[in-house]
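Next come two complexes, and both contain subunit A; in the first it sits with subunit B, in the second with subunit C.
Here is the complex of A and B:
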C-alpha cells in the first residue's frame, strides 16, 4: 500500500475499525471530533453501530453496555468530556468491562482553550476516577502510531478487561502526514475472552483465569452475569466482607502489574554515550527529538527517551536511566505532571528538571535545547 | 530540500483545505509532508492558519519556522504572519482583502477572491484559486498532481468549477 496523507484522528478511527471495534458512542468536542465523524462514516460499512449520544456521560454508558453485549467499543472526547466520563471509567474498571477512551488533549482546566494543544491530562488519565483502580494509558507521537496504538488499546482492553486511555494530544490528533498502514494480515487482534467452562461445570463470571483476568460471558449468550460497581465476589454479586474487598482490589492491580514489563514501551535513541536525557511523550516528543539532534550537533551527549506507555509508569526504566545519566530533562506541555513521576522513579540518582509550557502553543526545538543547555550547565 | 509554507486568513476561507490538498499532492509525488493548523473556537470568522512542510526526509517538529512562502487572505493575517518569512521568501497577498502591503521585499499581489467571484461565480472557490497561484509560484509539486489532488478532495459535483478555479489561479501569475 502506498503512502497517503492522513490525520492523527483519522488514523485512530481506521485503527479502531482494524482492531475490530464495532460500536462507537460519542459526543463531538474539539479537537477530537474527527474521530467521531470518521467512525460515523466507517462503522456502517462494516456492520457496526455509531451513536451520537445526548452527552459525554451517556456516551460512556452506552459503550459499556455495548461491550457487555459483546462488542469491541470506543469513545473519543477531550478534557471537559473526559471529566464527565470519569464516574463510568471507574465503573468500567470495577466491573472489568473492556473499553477504549480516546482523549485528544486540549488546554484546560474546564473548557480552557478548545482548539489549542496541551498535555495537561496525564494525571487525570491515571487518577481521574476515584478509588484504587487499574488503568492503562498509552500515547502516540505520529499518525502511524495513532493507528497502531489504537489497535493496541483495544487489544489491552480486551485482554485485561480494563479501561484503556489513548492519550492523544491536539498536536498528533490534528496533524496530517505520510502514512502507510499495515496490511490486515500483519495486524494482531486479541479476541473477546470467553467462558472456558459451562454453568453446569460451575462457571462464575468473575472467577479469575490464570492471568487474574475473569472470562466474563457476553450478555445474551446463555450465562447469568450480574454486573455491579459494588465490590463483588466471583459470582458478580456484592459482598460486604474485608477479605473479598482486599482480594478484589489487589487482583485488579496485579492483573496489570504482572504484565507491566510487557505493557510498558519506551523508545530510546542516542543512549549509548548519553550523559543526559530528555524524557517526553506524544506530540511534544517530536519537538524534543529535534532538540536532541540539535544538542548532539553542538557536541552535547544527550539521549532521547520517549514514553509510549504513560500508565503503568515506566518505573524500572526511569530508575535505570537515572543511574546512567547525570541529568534528566522532562519536556511536557503542561505546568508539570509527568516530571513528578520521573523524580519519584529516579529517586535522587540524578538531577531531574522540568521544561514546561502551557500557553496554547507547542514547544519550539530552541526552547527545549535551551533547557538542555541549562541542565548541562547546572550539573557541570 | 525542506520547503515551508504558511497559508493564513480567516475561518471559512478554506486555507486549511488548500493546505491539505497541497500536502496530499506532495505525498502523491513521494515526498514527505506534514500539515498542521491552528484556528480559534469560532466556526467562521476567527483567525485561521495552516502550515505545510515538504521534505525528502522525515519531519519531526511539525511547525513552520521562517517559511519560504506565506499566503495571506486577510490584512490581519498578512500583518501577523509575514514577520518570520525567510528574507528570500515570497509573500502572496489577496489584492482586495489586503489593501496595505507589509514591509517586505518579495510580494506578489493577486486578486484571488475577486477572480473566484468574477470567473468561477463564488467566493467559495477563492482557496482553490489561491492553490493555483501557489502551484505556479512555489513549483513544489507538479500542476497535474495538484489537479488530481483537488479532484480527489472536493465534492464530485464541483470538480469542474474547481478545475476552472485552479487554472485561473495558475494563469493569474507569471
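Here is the complex of A and C:
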C-alpha cells in the first residue's frame, strides 16, 4: 500500500476495518466525530453496520448487543460522552463482552473546551465506571500508531473479553501525517473465542479457560446463554453468595494481571546513560521527545520513557526506572493524574516531579525542557 | 385447565420465579412463549429474549433461549444491536413501565422511530415493584406509592399513544386477565415486520394493589375484566362513558413501513458491498 496523508481519527477508522470491526454505534461529539463519519462511509462497503444512536448510552448498548450476536465492535467519543458510556462500560466488564471504546480526549470537566486538547481522562479510563473492574487502556502518539493500536485494542478486547479504551487525545486525533499502512497479510487478528464443548457435554458460558477468560457462545448458536450484569457464577446465572462474588471479581482482575507483562508496552530511548527520565504518553510524548533531544544537546543525561499502555499501569518498569535514575519528570496535559501512579510505583526510590499544563494549548518543547532543568538542579 | 405443555420454554432449574404470589408477570411471560409456539420458524435457538431491569425483566432468566438481562432502561439499544448484527434472529424485548418509559424513555421513542424489527412487550404494573413500590411514569393520578404517599400528582404516560406518535408500526394493549387476547396481540406483533409494541397490563398486588386498597390479585384481575373495553367498542363509546377507570385494549395501530434492517441492507448495496 502506498503512503497517504491521513488524520489520526481516520487511521482509527481504517484500523478498525482492518481489525475486523463490523459494527459501530456512535453519537456526534468533537473531537472524535471524524471516526463516526468514516465508519458510516466504510462499514457498509464491507458488509458491516454503522448506526447513529440517540445518545452515548445507546451507542454503547447497541455495540454490546452486536458483540453478543458475534460482531467485532467499536464506538468512539470524547470525555463527556465517555462519562455517559461508563454505565455500560461497567456492564461490558461484568458480562465480559468484547468492545473497544475510543476516547479522543478534550478539555474537561463538563463541556470544557470541546475543540482543545487535554489528557484529563487518564483516571476516567481506569475508574470511570462504578465498582471494582478490569480494563485495558492504550494510547498512540502518531497516526500510524493510531492505526496499529486500534487493531491491538480490538484483539485485546476479543482475547480477554474486556472493554478496551483507546485513549487518544485531540493532538493525535486531528494530527495529519503521511503514513504507509501494513498489507492485510501483515496484520494479526485475534478471532472471536468459541465454545470448546457442546451443551450436552456440560458447556458453561462463564467457565474460565486456562487463561481465565471464558469462551462465551455468540447469540443464535443454540447454546441458550444467559447474560446478566448481576454477579453470576460459571453458568451465567446470578448467585447471591459471598464466595461467587469474590471469585468472580478476582477472576476479572486476574485475567488481566496475569497477562500484564505482555500487555504493558513502554518505549524507552536514551536510557543507557540516563540519570534522569521524562515519562509521557500520547500527543504530549511527541513534545517530550523533542525536549529530551534538546536537553541532551545541552549535555544533560536525560532518557525518554513513553507509556503506550496506560492501564494496566507499568508498575514494574517504573519501579526499575526509579532505581536507575535520580529523578523522573512526568509531563502530562492535565492538572496531574498519571504522576500519582508514577510516584506510587517509584515508591520513593527517586524524586518524581510533575510538568503539567491545562490551559487548552499543547506543550512547547521549551516548557518541558525548563522543567527538566529544574529537576536536574533540584537533585544536584 | 391447560396442560403443562410449555415447560420446554422455561429453564426448570431457575424456577420457581421470584415474583410475589398473585403477580401478573408470570401470565405475561407465558403469553410470550405461547405466541412463540404459534410462530412458524421461531425456535428457542433463533429467538433472543432481551430485558432491562426490574420485576418484568427477571423473566429473561427463566426463559430457555439466548437471553440478555441488560442495564436499567437499556434493553432496546442492546436488542437493536443484536437484530442489526444478525437480522436472521427474532428479537423480543421484555420491559417494565419504569424501565421503558422513565430511564429508558429516550431509547423507547427512538426505537419506535427507527423501526428495527423488534417485538417489545411492556409489563405494566403501574409501579416500581422490585425496589418496593415507588411511583412510575405509568402510576395513575392520585394513586399511592412509597414516593407518592399522598397520591401521585405526576400525569402518567399512555405508552401506546407514545409508541404510535413516535413511529412504532404495530401498537396494541391487552391485560393479564385477557390471556388469549394477550397471546394474540403478541403473536400479531411478532408477525408485523418492524417495531411492534404491546402493553401487557399486569397486576402487582404487593407493591401497588395493597397500598391502594385495590384488594386481592383476583380482584385486581376482575378490575381489568370490568374496565377494559375492546378497541372497536371503545371507538363507539360516548365520551361520558369513557370514565377514568375505563381503558381500551386491542390493536391501536398498524402500518407497513420499511424496517431499519432492510433499509440498511439497501445502504450496503449502494455502498457497493464487497464482503
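Keep in mind that, in the parts below, the second predicted complex is superposed on the first by the 380 of 380 C-alpha atoms of A that agree within 3 Å, B and C clash if a C-alpha of one lies under 4 Å from a C-alpha of the other, contacts with A are read in each partner's own complex, and residues count from 1 in each chain.
Keep in mind that, in the parts below, a contact is a pair of C-beta atoms (placed from the backbone, for glycine too) under 8 Å apart; a residue touches a chain by one contact, two chains touch by 3 or more.
Everything quoted here is computed from the prediction, not taken from an experiment.
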| item | value |
| --- | --- |
| Side-by-side fit of subunit B and subunit C on subunit A, or clash | fit |
| Touching partner for A:80 - first (subunit B), second (subunit C), both, neither | neither |
| Subunit B versus subunit C as contact partner of A:178, first or second or both or neither | first |
| Partner chain(s) touched by A:365 [first = subunit B, second = subunit C, both, neither] | first |
| Touched partner set for A:112, first subunit B, second subunit C, both or neither | neither |
| Touched partner set for A:30, first subunit B, second subunit C, both or neither | first |
| Residue contacts on subunit A - larger count, subunit B or subunit C | C |
| Least Cα gap, in Å, left between subunit B and subunit C after the two complexes are fitted on chain A | 17 |
| Interface residues, subunit B side, partner subunit A - complex | 20, 23-24, 27, 30, 32-41, 59-63, 65 |
| List of subunit C residues in touch with subunit A within their complex | 11, 14, 44-46, 48, 50, 60-61, 64-71, 74, 76-86, 88-89, 106-107, 110, 264, 267-268, 270-275 |
| For the subunit A and subunit C complex, residues of the former touching the latter | 22-23, 25, 41, 44-47, 49, 51, 53-55, 57-71, 73, 87-88, 91, 219-230, 237-238 |
| For the subunit A and subunit B complex, residues of the former touching the latter | 3-5, 30, 113-116, 171, 174-178, 283, 286-287, 289-290, 362, 364-365 |
